[in-house]
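Structures for review follow.
After this come two complexes, each holding chain A, first together with chain B and then together with chain C.
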Partner chain A sequence: MTKIVSKWLLGLAVLCFCGGALKAQDLSGNEDQGYITGNVQVTMQTYNADSLIGAVVPPGKTGFNAFGNLIYTKGDFSAGLRYESYLNPLLGFPGRFHGTGIGYRFARYKKGQFDVTIGNFYEQFGSGMLLRAYEERNLGIDNALDGFRLIWRPVDGLVVKGLYGKQRMDFDSRLINGPGIVRAVDAELDVNTLIASLHDSKTRITLGGSFVSRFQAGSTLSVDTLVLEVPQNVGAWGYRANLQHKGFQANLEYVTKINDPNADNTYTYRRGEGVLIGAGWSTKGFGVTFSGKAVDNMSFRSDRNLLLFDLPINYIPAITKLHSYNLAATLYPYATVIQGEVGGSAEVFYTLKRGSKLGGKYGTKIAAQWATAFSLDTTNLTGVEGAVYGYERNSWKPGSELYIRDVNIEISRKISNKWKMKYTYFHFDFNTLATPVTTAYKGIVRANVHVAEVAWRIKPKHSLRTEFQVLTTGIDDDGSKQDRGDWATVLAEYTVSPHWFFSFQDQYNYNTAEGESGLHYIYGSIGHIEGSNRIAVGYGKRREGIFCIGGVCRAVPASNGFELTFTSSF
Partner chain B sequence: MKHLTSPFVLCLLLSTMALFSADLHGQAIPDVQIKDMESRAVSTAQHISEAQGPVLICFWATWCSPCKRELNAYADYYREWQELFGLELIAVSVDDPRSVSRVQPYVNSVGWDYSIWLDPNGEFKRAMQVINVPHTFLVDPATSEVIWQHNSYTDGDEDEVYEQLVILAGEND
Partner chain C sequence: MRLLTTISLAATVCFSGCDVIDNPVIDLGIGYRGEALVPEFSLLTGGPRHVLIEDFTAHECGNCPPAAVVAEALAEGGGGLVHAIAVHAGPLAAVQDAPFDTDWTCEEAELWWSQLGIQVNPIGRVNRRGGSGASLPPTVWEAEMEAALIEPANLHLQGLAVEDGDDVHVHVHGSFSAAVEGEVRLAVVVLESGLVGAQLNYASDPEVLTDYEFNHMLRGSVSGGDGLPWIADASAGDVLQSDYSMVWNPDWSIENCHLLAIATASDGEVLAVLELPWAE
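Showing the complex of A and B:
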C-alpha cells in the first residue's frame, strides 16, 4: 500500500511539475515563469549476418536506443526527467537493458547557502577516487545516485556536501537501483576565497577531504578453515590539495579504504590505498605536465559481488591519455587495472613560433607524451594469511610486470589558408593479460601506429579531410605476427559548412597471424546538421573492438548494417 | 510501475508539444558552480549576466579533435571579434579526471586567450543539454539568453559564427 501511495505521490509531483512547465510556456516572455530545456538522442541499427567479420543478427534483427531529457527551471528551482528506450538495446550495450520508461528524475532547490537535490543526481569528490557518480550514455554507463543530497556553502570559499543514496544498476522499463546504500560527506576549502588578504594572491590553494561509506547486508565468508564476518559497513576516506602559482600547478590526493572483501579482490580482507600526484608548468607556447599514480585494492562498489562496469562508487583514472584516431583508440585502449598498479606519465606541448624558420608562416604545434604502468611490488602470502589477505605490498615501487607503455608524438602545421597537415606516431607495449582487449593474443603486444591527416579547404565552406592510418604489430620469436596482425585505415570526410557532411572509411586487416587473406571494413555515412539538430545515416561493416569515452571502455561486437542517429537539444 | 509510466509519458509529450507550440524566449543560462582554469569558483549564470558583450560558449575536451580544430580556428579571428563585437569566448572543458590536468598546459601552449572553465563531471554540460562535444552557444548580452547554437564543427563554421555576431550586433544597435 505504501508503495502504491508513494508512486502516486511521485506521479502527482511530476504532474505538478509538468503543469507548471506548461503554464510557464503559455506565459513565455515573462522571465519569472521559468523555462524548459531538453535534448533527444536516437540510434537505430539494423544487423546483417556476416560470417567473414563475425557479425551476427540478434533475435530482434534491429537495435534501438533512445533517450530524451527535460529540465524545467524557475528561479532557484529545477526539476527534470530522462525518458529512455531500449527496444531492443544496440549490440555492445548492456544486454539486460530493456523496455521504455523513466530512468532518471530529480528536483533541486537552491536558496542562500543551501542547495538540495532529491531523486537522481551525479556527483564527484576530488578526482573521483573516492566517489564519482557519472554517465557515459553512449556506453550505457550510468551509476547515478538516487536519494538526497545537500550542498552547504556556509561562507565564501567553503563547500560542504552530504549525500545518502542508492546507485543506478539496471533498466527494465524503469530505473533499478543496486542493493547497497552510499553515505558520503565532502568538504572543500578555497583558501584564497576564505581569507580576504589572499584574494588577489597569485598563489592559490585548495584543500579537501571526504568520507564515503557503503552499507550492504552480508553474513559470513568461509576462508580456509575460518568463518569470517563480512563487513556490512565499509568506510573509505581521503584528502586532497591543489596548489597553483601563475603557470605552475600541483595536486596531491590520497585515499584509503578499510577491508572490503569483494569480487574484484577475490574476497580478501586487505585494506585499500591510492595516491595521485600531478604537477605541471606552462607559459604561452609551452606546457609540461607530470603525473604519478599508485593504487592498491581500491575497487569500491555498492554491491561487493559485482565486477566490471557495475555499481562503481569511485573512479580511478587511467595514466594514459585518451586517443582519438580510430586505430590507436580502439585496438589497444588502456584502462586502469583496478586490482592495483603503479604508473607515471610526462607530456610536453610546444608551439614553434609563427614566422620562424621551423614554425612556418602560421606556427607549428608539437605534443609528445610518455606514459607507463606496472604491476604492484608485492609478495604473495601463504596459508591462512594468504587466504585472508592475499598478498602484502613491499613498496610503492613498480612491480615486475609491465601493463602498458604508451609513447606518442603529434606534429601539426597550418601550411596555408587552404591546407593543414598533422602527423602522429604512437608506440604501444600493451599487456593483453592485464587488460584483456583481445582474445587472439596473450602477452605483450608491440604496436606502432602512424597517422597522417590532411585538411584541404577547397573553397569557402567546402572542405575535405583525409586520414591515412597504419598499425603494425610485432613479430614473435616463432616468426608469427602478434595478435590480429596489421591494420590500415583510409578516411575521407567532405563537409559543406555548416550543414552537411559525407564520409567514407575503409579499414583493412592484413598480415594476420593465421595468414588469412585481408578483410575490408567499409563504412559510409551522410549527415545533416541544423543548429543543434543532427541527423546521420550510415551503412557498412564495423569491426569488433573496444569503444572508449572519457577513460571507460566497452567491447562492441562486429556489425554489418544500416545505422540512423539523431540528436537534438533545445 | 505501469500506472506511473502513463502520466510520465503524457507529461513528457504535453510538455514537449507546449514547448514547440509556444512563442519561446531563448534558453537562459543555468546557474552551475564550476571552476575556472586557475581553480577559482565560477557561477555560470552570474558571469554571463555580467558580460558586456556577446558570449560564445564552446564545450570541448583535450581528446576531441573537432573541438580543438574549432577553437584553433576561432583563435585566428578572436582578437578581431573582440574589437568588432566585444565578444568573450568561454571554452568549457569537459575533460574528466583522466585528462583534466592536461587542459592548462595545452591551452597555454597553443596560446588561446579564451576564458577556460572546467566541468569534469559534466554538470554544466548536462544543464546546457549538451549531448556531444563540440557544441557551441551564442549568448545575447542584452537578455543573457542563447540566441544561436550549433552541434559539431566543420571547417568554415567560423563564417557562420561571424554572420551570427553581425546579426546580433545589428539587432542590439
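Showing the complex of A and C:
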C-alpha cells in the first residue's frame, strides 16, 4: 500500500516538476507554472454508551473520517488525487470502509475539440435517470467511474460524451471497483447554437440522447422452478428536450431499459421505463412550477446483485423538495421508491410587494409546495409469466397505495435591519412501508411540523439565529400515538463575525406511543474560522435517524460523545 | 462527416450493449414425457436420516484407492442409509498419456470440485455438513457420518427410476416433517460401477494398476450438479413430487448404473439423499 501511495505522490511531484520544465521550454514567454489547489476535511468523534437513546460504543471507541484533495492545474491540463482515511469509519458511514489510502485519482486534458479524462471521474447525463456518477461524502456515497472519458465537440452546439469504466464500490486502504463495466454515450445538441438563424431567438431549445450499457458476467439464475438466461449486457437509453421562452421553461425526459433481472426487481425481466416532465413560469415576484414523474423498474446498477447505495449507475430524483429544518428533514424524509412510483408536484412563489399592507416595509416572500407519489397501477402476473416478469403495468395512472403527500408553506419577512423571521408549516402523509424510515410504525404516518426561525443582528458582527420546531404525529383509531410520538427542537446559533460561532440544540421527544417520559437530545458546539480554515468542537447526544441528501437517505445510529471537525482549503 | 462518424460510433456501442432476451426460460429438456402415468407415492411422514459421502478422487492420485475403500466400506455398512459417490475431479483427474488417457470427469464433478475450500485428492464431504465448501480427509469421514446419521430428518424422499427405450424417467417425491428455511434444491445424479481403467496406487506394487475397478463413479445428472430449485421456505407437511425424463447416455451401462436424488438446503448441506430403485 505504501508503495502505491508513494507512487502516486511521486507521480504528482513529477507533474509539478513537469510544469516547471514546461515553463523553461515555453517560447511564448508564458510564465505559467501551473498551480496546486486542494482542500481537507477531518471529522473525529468519540462514543459513549447511552442506554437511554440506544447509543453504543464501537470496538475502536472513536471514529475518524478524513479526506484531502490535491489538484494540479496547468492550462488545459489537470491531475489530482484524493487521499482518504477511515480509522475507523464514523458510525452511520458504510462500515466496510476501512484504512487509509488513495480513493480517487485522475488526469484530464483538453486539446482542440477533445477533452480526455483518465482515471476517476464523475458524470451525469440529463437528470441522471440513465447515468449519474456522483459523490455525497456525508452519506458515504461515491459511485465514481474509473476508466476513460472522451468529450468531443465536433461542431458548435453539439457535445458528445463517451465513457468506459468500472464504478467505485468500496474502500479498503485503496479504491475497490465493482465487477460490472459501464459503457455510455451521450449527445446534447443546442439547437440555437447549431442553426445560425436561431442564434438570437428568444426560444432556446436543447435536445439530448443517451445510451448506457452494463456488462456483468453471468450465466443462469433460478426463479421458482425455472432456470433463466441472464442478460450479460443490459442497455438503457433515453431522450430529453428542454425548451425556454422568456420566463417559461419546460423539460421532458424519457428513459427505458431492457430486461435486467436484479435484486431490486426480484430478478424479473420486465423492461424499465421512466418519464420526467417539468414546466415552469416566472416573472418578477411570482413563479410557478409543475413536475411529474413516473418510473417503473428503472433501478440500474453495475452489479445486479446489490441493493441500496451500492453501485447505482443512475439516479431517480425524488418528487418532494429537500427540506433543511431538522425535524422535517430527518424524521420523515422521502426517498424515491426505486421499484416504481408515479408522482407530481406543484410549487408557487410569490413576493408581497415592499411597502404594501401585507408585504410590510421590506416585502414578504411566500412559497408553497404540494408533492405526492403513489404506487404504480399494476396487475401481478401468475405462473411462469409471474415468475419471469412479475407484473404488468395497466397505465401510467397512480396506483392505490399512497407513498407520500408533502404539503408545505413558507412565509419569510424582513422586519427591520436587525430582525428577520420565517415561518414554515409542513404536513406529511408518509407511508413507512414504502420508505422504511422507522421501525416503530408500519403504515401512513400523519405528521404536522411548525417551524419559526428568527434571525437577530444584535450589533455589528454579532448575530443570533434561532429555530423553534414542533412535530406532532397523528392518533390512530385505537387512541395510540403514531410512530415515536411528538418532537420539539430548539436551536440557537450565535455568531461573532468573522471568527467565532457557538450553537446549542435540544431535541425533545414527548407524547410517545408507549407513554414514556420525554427524552432530550442536547448538543452544543463551538467553532473558530480563520480564513478558509474552520475548526469546531461539539458535544452531546444525537438521535438515531435518517440522513438524506438529494432524495438519497441513510440510517444513522444514535450517538453520545465529542465531535471535532476541521475543514480547510487552499 | 463528423456527425456521421459520431452517429456510427454511438450505434456501434448501442447494438453491442444489449442482450434483449425475448424468452429467458431455458428449456432443460427434462420435462416428463413418458406415456405411463406418473407413479403416486403414499405419504411418508418420518424415517431415518440418509447420509451422502462424496469421495473426490482421481486416477493419478496414488493415495485415493485407500480412501475409496473407506467410502465403500462405510456405504456397505450403512444399512442402506449411507450413499457413496466417487467424484473424479481436479488436476490429477486430467487426461494424460496412456494409461491415464480416459476422461472420468464430468461437468457435475468439476462443479462440485470448484466448491471445495481445500482442493486436494483424496478429500471428501459428508452430507456437505458445514456447507458445500467444507472438505474432510478420509480419516474423519466415519465420525462425521455417525454424527450425521443421528440428526433428525426433516425431509423424506421416495422415488423411482424407469427405463423406457432411450429415455429414463425419474420420479422423486418429498415430504417435509419440519420447516426448512430458504431454497431447497433437488439434484438427481447418475452413478456407474464396474468401470475399469488405470489408477495410481502407492499401496500396490506396481503402483500403476491398469485394471482398477471404479465404483459409484459420478457420470452425470438429470438436473445439473447444483440441482434445480424445488421449494422455498418449506413448512412441515409440505409435499411435492418432480417427474423428469432424460435421454440416456449410451456410454453409460444402464445395468451398472443407479441414480441418487440429493436434496440440499440453501447453505449447501444435504437434507436428504436416496438411491432411486429401478422399476421392475
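Heads up, the rule we're going with is that the second predicted complex is superposed on the first by the 537 of 570 C-alpha atoms of A that agree within 3 Å, B and C clash if a C-alpha of one lies under 4 Å from a C-alpha of the other, contacts with A are read in each partner's own complex, and residues count from 1 in each chain.
Here is the rule we use: a contact is a pair of C-beta atoms (placed from the backbone, for glycine too) under 8 Å apart; a residue touches a chain by one contact, two chains touch by 3 or more.
Here the structure is a predicted model, which is why all the values come from computation and not from measurement.
K.L.:
Using the superposition on chain A, decide if chain B and chain C clash or fit.
P.N.:
Overlaying the two structures gives chain B and chain C room side by side.
K.L.:
Where does A:W396 make contact in the superposed view: on chain B (first), on chain C (second), on both, or on neither?
P.N.:
Neither chain B nor chain C is touched by A:W396.
K.L.:
What is the contact status of A:F114 with respect to chain B (first) and chain C (second): first, second, both, or neither?
P.N.:
So A:F114 meets neither chain B nor chain C here.
K.L.:
Which of the two partners, first being chain B and second being chain C, lies in contact with A:G162: first, second, both, or neither?
P.N.:
second
K.L.:
Touching A:W419, do we find chain B (first), chain C (second), both, or neither?
P.N.:
A:W419 contacts neither chain B nor chain C.
K.L.:
In the overlay of the two complexes, what angle sits at the CA centre of chain A between those of chain B and chain C, given in steps of 10 degrees?
P.N.:
For this superposition the angle at chain A equals 140 degrees.
K.L.:
Any idea whether chain B or chain C touches more of chain A?
P.N.:
B
K.L.:
Regarding the shared-chain residue A:R183, is it in contact with chain B (first), chain C (second), both, or neither?
P.N.:
In the superposed model, A:R183 contacts chain C only, not chain B.
K.L.:
After the two structures are laid over each other on chain A, how near do the C-alpha atoms of chain B and chain C get, in Å?
P.N.:
20
K.L.:
Under the contact definition given at the top, report the residues of chain A touching chain B in one complex and chain C in the other.
P.N.:
No residue of chain A touches both chain B and chain C.
K.L.:
For the complex, give me every residue of chain A touching chain C.
P.N.:
It comes out as residues 152, 154-155, 158, 160, 162, 183-185, 187, 211-213, 215, 220, 222-235, 237, 258-259, 261, 269, 384, 388.
K.L.:
How about chain B: which of its residues touch chain A in the complex?
P.N.:
The contact residues of chain B facing chain A are 1, 3-5, 7-9, 11-12, 14-16, 18-19, 21-25, 27-28, 30-31, 33, 38-41, 62-65, 69, 96-99, 101-102, 104-111, 120-123, 126-132, 135, 148-152, 154-157, 159-160.
K.L.:
How about chain A: which of its residues touch chain B in the complex?
P.N.:
It comes out as residues 7-8, 10-11, 14-15, 17-18, 21-22, 25-26, 28-29, 31, 35-39, 41, 68-73, 78, 81, 83, 101-102, 110, 122-124, 127-129, 132, 134-135, 137, 157, 159, 173-174, 190, 192-193, 204, 206, 242, 244, 247, 249, 251, 278, 280-289, 291, 315, 317-318, 321-324, 347, 349-351, 365, 367, 455, 457, 460-463, 465, 495-498, 501, 529, 531-534, 550-551, 567, 569-570.
K.L.:
Quick one: which bits of chain C touch chain A in the complex? Just the residue numbers, please.
P.N.:
Touch list, chain C to chain A: 2-3, 5-6, 9-10, 13-14, 16-21, 24-26, 28, 183, 185, 228-230, 232.
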